[in-house]
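Alright, structures below, take your time with them.
Same chain, two partners: chain A is paired with chain B first, then with chain C.
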Partner chain A sequence: MRILVVGGGTAGTIVANNLARRLAAETRAGKVRLTMLSASDRHMYQPGLLYVAFGQMTPDQLYRDQASLLEPSIDFHVDPVKQFMLDKNQVRTESGKVHEYDILVIATGSRMVPEETPGMNEGAEFFYTEASAVKMFKRLREFQGGRVAVAVGVPHKCPIAPIEVMFALDDYFKARGIRDKVQLKYYYPIGRIHTIENVATWAKPEFDRLGIEYETLFNIKEVDAKNKILKSEEDIDVEYDLLIVIPQHRGMEVVERDNLGEGGWIPTDRYSLAMKGHDNVYVVGDTTNLPVSKTGSAAHFQAETLSENIASIIKIGAPVKDYDGKVYCFIEAGHERATYAMFNYLNPPDLKPPSKPMHWFKLSYNQMYWTSVRGLL
Partner chain B sequence: MTTQTETPSAPPFSENDLQRLVELAQLVTSAQDALSDDMVNRLSSALSEGITLLDRLTRNEGFTHLLRELDRVENQRFLVCMSNAFTEATRELATAPPAAGGIGGLIKLMSDPGTQEGLRLLAFVGARMSNSLREVHRRGL
Partner chain C sequence: MSEIRIIDARDTFCPGPLMELISYMKRASVGDEFELLSTDKGSINDIPEWIKKVGHEMLSSEQVEGVWHIKVRKAK
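And then the complex of A and B:
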């Protein structure tokens, strides 16, 4: 049985490690072969980029060698997939090599596409890559006061990020003693300040308390970088001195190019995580088109379910679990306080008041992440 | 009709329990005050690496076999002897004159009964290890 995992991010790494543990005997006996194809030999802790943007972490703290995170029985190659040939149970990689599989796991993730909004790359700061996070930090350090606009594109990775940025900005400018010289304003595309209703209900009074202004039904159209004006689809022009955006995201190019899913999001069964129309192909993490957040915790819970199911299919011929849509998001609420939102397909989140122990729990998780991707937590 | 007198039930907690709760809260508060973000980061990082190391060790066949062997008293004594030997050898080496070199020096060293005993021990271990390695290869492990 040849299992091929495409993608070495959170979801792919957890699936591969969990399978290696669960199928250790089968692998030793030569009945199962586990291969991972990744675009990089390094693994990044992506939530740490927000800390980099505020000078609380340095980029080197976000990385580990991918091979060091993988079980030794996994055959790991840095050779990204160039073409999916699902009808032949094959993929072709950048190096030209063809890998055959009996079971394929697609965990290629997502990417920001600021270039799709005119002027965004030139006029806005963001933090979804190492370079952009460092650039945003330098820009924040130079900033001496004025109008800060934070606008949100959809869809995007990490649904809590827009809210956390506002709290972090408030903290940052207070720490520098210039909060009174800064107007913080938040622009969100739908009719409330967050897509998850209970998060919006919780965050609104927090924003009010901190003097953070907000405007809803604001969909980014373009950025006039020269004149520092943010324009919306609703014909609203916003003048700014510093613009921070959560850029729109898409799935990976290869997924779009091979017509596996519109926007790079692959149609996925919400319970079994099988790709629709393909029984031996599974999708996890950001790559799915599931109605859940594109976040590390969703990737983690999906990966746990999927690896248990693939292992049981190999051992007893049937899956044993359904993914229930579980997501657990920490929310850094500023002033060394945090809370969390936990929800699934059926139950919305019930947010608790922020506290310092939760903030420390989040800090601890930043370190425990490496234990988590190794398949231990 | 009978009248039933109710005995007041005992409160679910005593004053001592409350005092303990207050003390616990004080402990938590003081721990919160004493800790910083950096400390939490360092502790968590150490815990994370510790868990990973423990996982590797407990799933490592060679290491678990070694631990089982070390449970045997004679092997523990062997370790004691080995560490003593290292200590004594280090001291002797510090005071011994540098080797003169040449075949004569080697013959003199080889003529020493202590050296011969040491070589014999190493030869025994080497022979057993060689047999064991051959067996592992034969079984395709």
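And then the complex of A and C:
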């Protein structure tokens, strides 16, 4: 049985490690072979980018060697897939090699695409890559006051990030003693300040208390970088001195090029995580088209479910559980406090008041992640 | 006229039905039609509000066995 995992991010790494342990005996006996193909020899802890953007972490703290995170039995190659040939149960890689599989797991993730919004690269700061997070921090350091606009593209990875950025900006400018010279205003696509109603209900009075202004039903159309004007699909123009955006995202190019899914998001069964129309292909993490948050947390819980199912399919011929839509997101709430949102398909989150211990837990998790991605936590 | 496309946003809290609709509408062409399925009672208010504000077109909405079926057309 040849299992091929494409993608070495959170979801792919947890699936591969979990399978390697569950199928250790079968692997030793030569009945199972587990291969991972990734685009990089390094693994990034992506939530750390928000800390980099505020000078609280340096980029080198975000990385580990991918090989060091994997069980030794996993056959790991830095050789990204250039072509999916699902009708032949094969993929072709950048090096030209063809890998055959019996079971394929696609975990290629997502990417920001600021270039799809006119003027965004020239006129806005963002933090979804190492380079852009460092650039944003340098821009923040130089900023001496004025109008800061924060706007949100759709769809985007880490739906809690827009709220966290506002609290972090408030903290940052207070620490520099210039908060009274900064107007903070938040622009959000739908009719409340967060897509999760309970998060919006909690965050709105927090914004009011901190003097953070907001406008809803605002979708980014373009940025006039020369005149520092942000324009919305709803025909609203906003003048700014510093613009920070959550750029819209897409799945990976190879997914779109091979017509696996519109926008790079692959049609996926919300319970089994099987690619629709393909019994031996599974999709996890950001790559799915599921109406679920694109976060490391969702990727983690999907990966645990999927690896348990694949192992049981091999051992007893049937999967044993469904993915229930579980997501657990920390929410950094400013002033060294944090809370969390835990929910699934059927049960909304019940937010607790932010606390310092939860913030400390989040800081601890920034290190515990490396245990988590090894499939141990 | 293009074929109406289904967006299944039942039982989702995040990103939620309206965010899902916006995501699809951004990639669509003028004239494309969508039928959004939602179990969120808020959808019956916030989706028409956004459609009107942005200048797209509401076609219909009805509730069938606890699921809202909201049809819209991209107009610009």
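Criterion: the second predicted complex is superposed on the first by the 377 of 377 C-alpha atoms of A that agree within 3 Å, B and C clash if a C-alpha of one lies under 4 Å from a C-alpha of the other, contacts with A are read in each partner's own complex, and residues count from 1 in each chain.
Just so we're on the same page, contacts are C-beta pairs under 8 Å (C-beta built on N, C-alpha and C of every residue); 3 or more make two chains touch, one makes a residue touch a chain.
None of the values given here were measured: they were computed from a predicted structure.
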- Superposed partners chain B and chain C on chain A - clash or fit: fit
- Query: Of the partners chain B and chain C, which touch A:291 in the superposed model: first, second, both, neither?
  - Reply: second
- Message: Just to be sure I read the superposition right, which of the two partners does A:336 touch: chain B = first, chain C = second, or both, or neither?
- Response: first
- Considering only touches as defined above, state whether A:374 meets chain B (first), chain C (second), both or neither. first
- Message: A:248 in the overlay: touching chain B, chain C, both, or neither? Say first, second, both or neither.
- Response: second
- Message: Contacts for A:364 in the overlay, against chain B (first) and chain C (second): which applies, first, second, both or neither?
- Response: first
- Using the superposition on chain A described above, determine whether A:356 touches chain B (first), chain C (second), both, or neither. first
- Message: Let me test your reading of the model: by the given contact rule, A:217 touches which partner, first (chain B), second (chain C), both or neither?
- Response: second
- Note on the structure: In the superposed arrangement the C-alpha centres of chain B and chain C open, at the centre of chain A, an angle in degrees to the nearest 10 of 150
- Task: Return the chain, chain B or chain C, that is in touch with more residues of chain A.
- Result: C
- Item | First (chain B), second (chain C), both or neither touched by A:262 | second
- Gap in Å between nearest CA atoms once chain C and chain B share a frame through chain A: 30
- Sites on chain B touched by chain A in the complex: 32, 35, 37, 40-41, 43-45, 47-49, 51-52, 55
- Residues of chain A defined as touching chain C within the complex: 154-155, 159, 189-192, 195-197, 217, 219, 233-235, 248, 262-263, 291-293, 325, 327, 341, 343, 345-346, 348-349
- Residue set of chain C touching chain A in the complex reads 8-9, 11-20, 22-23, 26-27, 42, 45-46, 49-50, 53-55
- Task: Give every residue of chain A touching chain B within the complex, in rising order.
- Result: 336, 356-357, 359-360, 363-371, 374, 376-377
